[in-house]
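Consider the two complexes below, in which subunit A is the common component and subunit B and subunit C are the respective partners.
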Partner chain A sequence: MNELIFFFNKVIVAGSVIGSIYAMGAIGVTLVFAILRFAHFAHADLMTLGAFFSYILVVAFPELGGFVGLPTGFVVLPVAMVLTAIFAIGLDKTFYKPLRDKNVKPVVIVIASVGVTLMIQGVIRLFAGTTSRNFFSVDGVAGKDIFRIKLPFEAASRKIFITEPQILLFIFLILAVGLLHYFLTRTRLGKAMRAMSDNPDLARVSGINTNVVVWTTWIIAGGLAAAAGTLLSMDVILKPDLSFNILLPIFAAAIVGGVGQPYGAIAGGFVVGFAETLSVFNWAILLRPFRDSIPEWIELPSKIAFVPTEYKIIVPFVLLIAILVWKPTGIFKGKVL
Partner chain B sequence: MTSLTSVKREIVLFSGLGLFLALIFFQMGTAFSLRMLIEAACYAIIALGLTIQWGYAGLFNTGIMGFIAVGGFFTVLISFPVNDKFWNSDGPAELGVVGLYLLAGIAITWAVSKSHRFGFPKKLVTFLTVLTFAISYLVVISALEPAADKIESGAGFIGGLGLPVFAGWIIGALGAGVVAYYVGRICLGLRSDYLAIATLGIAEIIKAVFKNADWLTQGTLTVSPLPWPVPTPNDIGFVAARAGYLTVTAIIVVVILFFLQRAYNAPWGRMMRAIRDNEVSSSAMGKDVNKRRLEIFILGCMLMGLGGAALVTSTRIFDPSGFLPLNHTFLIWVMVILGGSGNNLGAIFGAIFVYIIWTISEPMAILIFEAVKVYGNDWFGWQAPSDLMARALQMRVFVIGLTITLVLRYAPQGVLPEKVIHHG
Partner chain C sequence: MALLEAKGLYAGYGGMNILNGVDAVIDADEIGVIIGANGAGKSTLLKAIFGLLHVSQGTVKLAGKDITNMAPDKLVRAGMAFVPQEQNIFPSLSVEENLEMGAFVRRDDFSHLIEQIYGYFPDLAEKRNQPAGELSGGQRQMVAMGRALMIEPSLLLLDEPTAGLSPRYMNEIFERIIAINKTGVGVLMVEQNAKQALAIAHKGFVLANGRNRFTNTGEALLNDPEVAKSFLGG
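Up next is the complex of A and B:
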């Protein structure tokens, strides 16, 4: 029983947390990919930047969380999302739109987005150095609540661990996905977005204001990036080099889910997240209860993990390659650009 | 007329670069400048590799760092002195057993994947293939782990083979080519964005492997001193040794340049440009677009492996954690797009010019930030953070990014634009 709870903590909880983060990032990537038709390499840096906006706001107003009884980082999140969305639109206007207007090849815009990545990283490290920061050490009121849930079984002495930022993350993801679903299927602008993703020329001639659609894309992408960055750093720690490690899993999630499919991106995020936690999990622990019933001649190794933890980066890559080989459209039948 | 002005442009730019170099020789001393030039020459080889991928074929490679690392690794493996302690221990035998397991696993998986010929249903075959792959993978890594641990605790690492350095460089180039073949086979049929994402991933994986597989590369302990193809500074002094090394790298650059120029003006080069500029029409003319792209991708990556091997050898240390994606990959991108993509001379000009700026920007950034620190304290009583110098160096990453975006927007052709010769 304890082994199962260990599995739950290490795989189910951890996988859902990282999966939600990847999902939120991948929604942004997949929308930008579908509407602007380029792989946005600076997306992970939007996450870091959004997390830093939240951090600055928490430092500026450490008491804010006390009024509602939630961590301050979560309370200031909407403001950080707005700031990041404005920043994303600014990026588009300064760097991507001039190139789009010149009708360059899409790959040139991809390179420009790499340039933007480097600039954002340079600026963040210039002002923030390379040290890690903890949201809860600057929070004036709340500490990080950890819930230890005891299961009502005799054999289960281990407890299920879940932290407050993790619960907030799940609630936020569900709300965000619900709103996004409503927006894309019920509102005029959301439908315009889907139309533009399907056929940009047809959308333009039928009178859809493409600029507004592009802006909306950046608002959604930037807002979700800020939320993902902030919630991840609240759960773990805020690091300036957060972004480079998360970029490949996000792309993998977007492509596994199918480019241009927001629901696919969510599914892809969870697939990548669970694949990571499942492959670094030590399966020998689950076999331990059966130690006595296994015949003598089979020697059980003390560690059976598919991938050692330090090679975790291989997992999203292998998923990416597998999907590109077998089903380039992804699970949800997205586009192949 | 146009060719005359472009020749003039080349003469002006390269003589300006020569003057700049003379100034640096005068200011910084011969030994320092020679080292800088050696590294610039190695970067020039890598930049030539990128300029044929990007300039000739329009492929976006973000994994240059990985191919450099592969080149460097094979140089270590081939040319580093033999580690007798390893060869006298059980290590080789145990690694041999792991190798046999690996071969057996590959053979069984392959056989199972072909079993649909005996009438098994397709879905079952796929399932069985994945299952046998997973099992043989687990067997191999669980066999490798104790062997690796024993090598690490006993002999340290497997060492090299003690062969000549040039053999190491050539094998390094071939190794990079093999990696490129598999990446290219998967991604080149899709749009360039996918190649960018996949090369980014492969570079990270290569770095992770070299950093953590201590039995293979000593990981963070680094391998040094690497042998040189020419007498080392210990034997004949810094200036003479570095001059010798520079001669070797310069000859390589010139030879590669000669062949690339020939290839560019040959039918092969014209076909590549045709594919880059209009994929649809060239495939309608019967060109195998994906195969040609794979060809040039492998060729470019081999040049990157060669340049990486030369670069790692010149520093005499193989340090897997030193392969930074930002420094290695995008510095080279700046070299190529600033110099002029598709123009080989432009890539060489860009490599030398950008590398000089990159080298001297380090003391300059520190100088500027020292000044900021002093004046900030005097005027505003600002207390500078202790890691200000590290941050000053990070600022150079910002400059790389800014240069990329500005060049793409305002001078997409670079300082030496591509020269397309029109026949007839």
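Up next is the complex of A and C:
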């Protein structure tokens, strides 16, 4: 029983957490690709930046969370999302739109976004250095609540662990996905976004204001990136060098789900997240209860994991290749790259 | 006053002119048909009128108002709709969403228009919630025309509306074009099926090498032996 609870904590909870983060990032990457037809390499930096916006707001108003009984980082999140969305639109106007207007090939804009990612990383390091920061050590009111849930079984002495930021993350993701679904299927602008993803020339011929659609894309992508960055940093720690470590799994998630498909990005995020936690999990622990029934000449190793934790970054890519061999356009039929 | 008055148009790609001074004038209740050999500039003329190509010389007027080189979204607001030859639908959107996108510039209630279009094309009414990409070629063309009609245009530009369609759908599309025209919508279309198209045309424009070769009523062109010999396959 304890072994199963250990599995639940290490795989189900951890996989859902990282899967939610990947999903929120992948939605942004996939939407930017659907509308602007380029892979946005600076996306993970929008996450780091969004998390820093939240952190600065927490430092400036540390008491804010006390009014509603939630961590201050979560209370200031909407403001950080707005700031990041504005920043994303600014990036587009300064770097990507001038290139689009010149009708350059998409690969040129991809390279520009690599430049942008290095620039943002440099700026963040310039001001924040390389030290990690903890949201809860600057929060004036709340500490990080950890819920230890005891299951009503005799054999279950181990408890299920879940933290307040994790619960807030799940609630936020469910709300965000619901709102996004409503937006894409029920509103005029959301449908125009899908239309432009389908056929940009016809969208223009139909009189759809493509600039408004582009801004909306950056608002959604930037907002979700800020939320993912903040919620991840609240759960673990705010690292200035988050960027590349999270960018690659997010791209894997977007491609696995089907490029250009927001629902695919959510599925892809969880597939990649669970693949990571499942492959670094020590399966020997689940075998321990059967120790007595295993013949003596088989020696049970103390650790059976598919990949050592340090190498877990390879998991998304093995998975990516496997899924693309099986379904070349991803789980949800995506666009051809 | 003419509905559409294009005079002396010069336009092309990358500095090379494909149109060398083309005229096209139609009235509000008319169907105009553009025919000609491949490369004569038929589709280019439609694109130049709809602001998709830069017009270097000449003027385009819609109901007397100069619209030369106006951006497509402004033209849509001015009452001109364009149906491209290929990729003229949003494949992952449902039939009804395609129609809604045609009405993107409208802020009023357009549900009666959607019903009106289902009246024109009963095939579409049954498939209103199906992704348009799953429809047959003829039905897609209906979606494309329906999308363009959502702004209640005064002028409808059609680029080869029957290209690649079976004879059954071809006749149906021509019938619908006549019906739409009877409601007071001017139509200017490019057609490969020249005989059938001229038969329903009030005006025909025969282009060759980016110039007007013959311009007359559809009937007169059909009966002109020279046109018949060179452009209607004898």
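Quick note on the criterion: the second predicted complex is superposed on the first by the 337 of 337 C-alpha atoms of A that agree within 3 Å, B and C clash if a C-alpha of one lies under 4 Å from a C-alpha of the other, contacts with A are read in each partner's own complex, and residues count from 1 in each chain.
The rule we apply is simple: contacts are C-beta pairs under 8 Å (C-beta built on N, C-alpha and C of every residue); 3 or more make two chains touch, one makes a residue touch a chain.
None of the values given here were measured: they were computed from a predicted structure.
Of the two partner chains, neither subunit B nor subunit C is touched by A:Gly143.
Shared-chain residue A:Val114: touches subunit B; no touch with subunit C. After overlaying the two complexes on the shared chain, residue contacts for A:Tyr311 are found with subunit B alone; subunit C is out of touch.
By the touch criterion defined above, A:Leu99 reaches subunit B but does not reach subunit C. Annotation for subunit A, partner touching more residues between subunit B and subunit C: B. In the superposed model, A:Ala203 lies in contact with subunit C only, and not with subunit B. In the superposed pair of complexes, A:Arg188 makes contact with subunit C only, with no contact to subunit B. Comparing the two complexes, no residue of subunit A contacts subunit B in one case and subunit C in the other. Subunit A meets subunit B in the complex at residues 33, 38-39, 41, 95, 98-99, 104-108, 110-112, 114-123, 125-126, 129-131, 244, 247-248, 251-252, 255, 301, 304, 306, 308, 310-311, 313-314, 316-317, 320-321, 324-325, 328, 336-337. Against subunit C, the residues of subunit A that register as touching in their complex are 188, 191-192, 194-195, 197-199, 201-209.
Against subunit A, in their complex, subunit C makes its touches with residues 50, 52, 72-73, 76-77, 82, 84, 87-93, 97, 100-102, 104-105, 147, 151.
Contact residues on subunit B toward subunit A in their complex (touch as defined above): 58, 60, 62, 134, 137-138, 142, 186-187, 190-194, 196-198, 200-202, 204-205, 208-209, 211-212, 325-326, 330, 333, 337, 385, 387, 390-391, 394-405, 408-409, 412.
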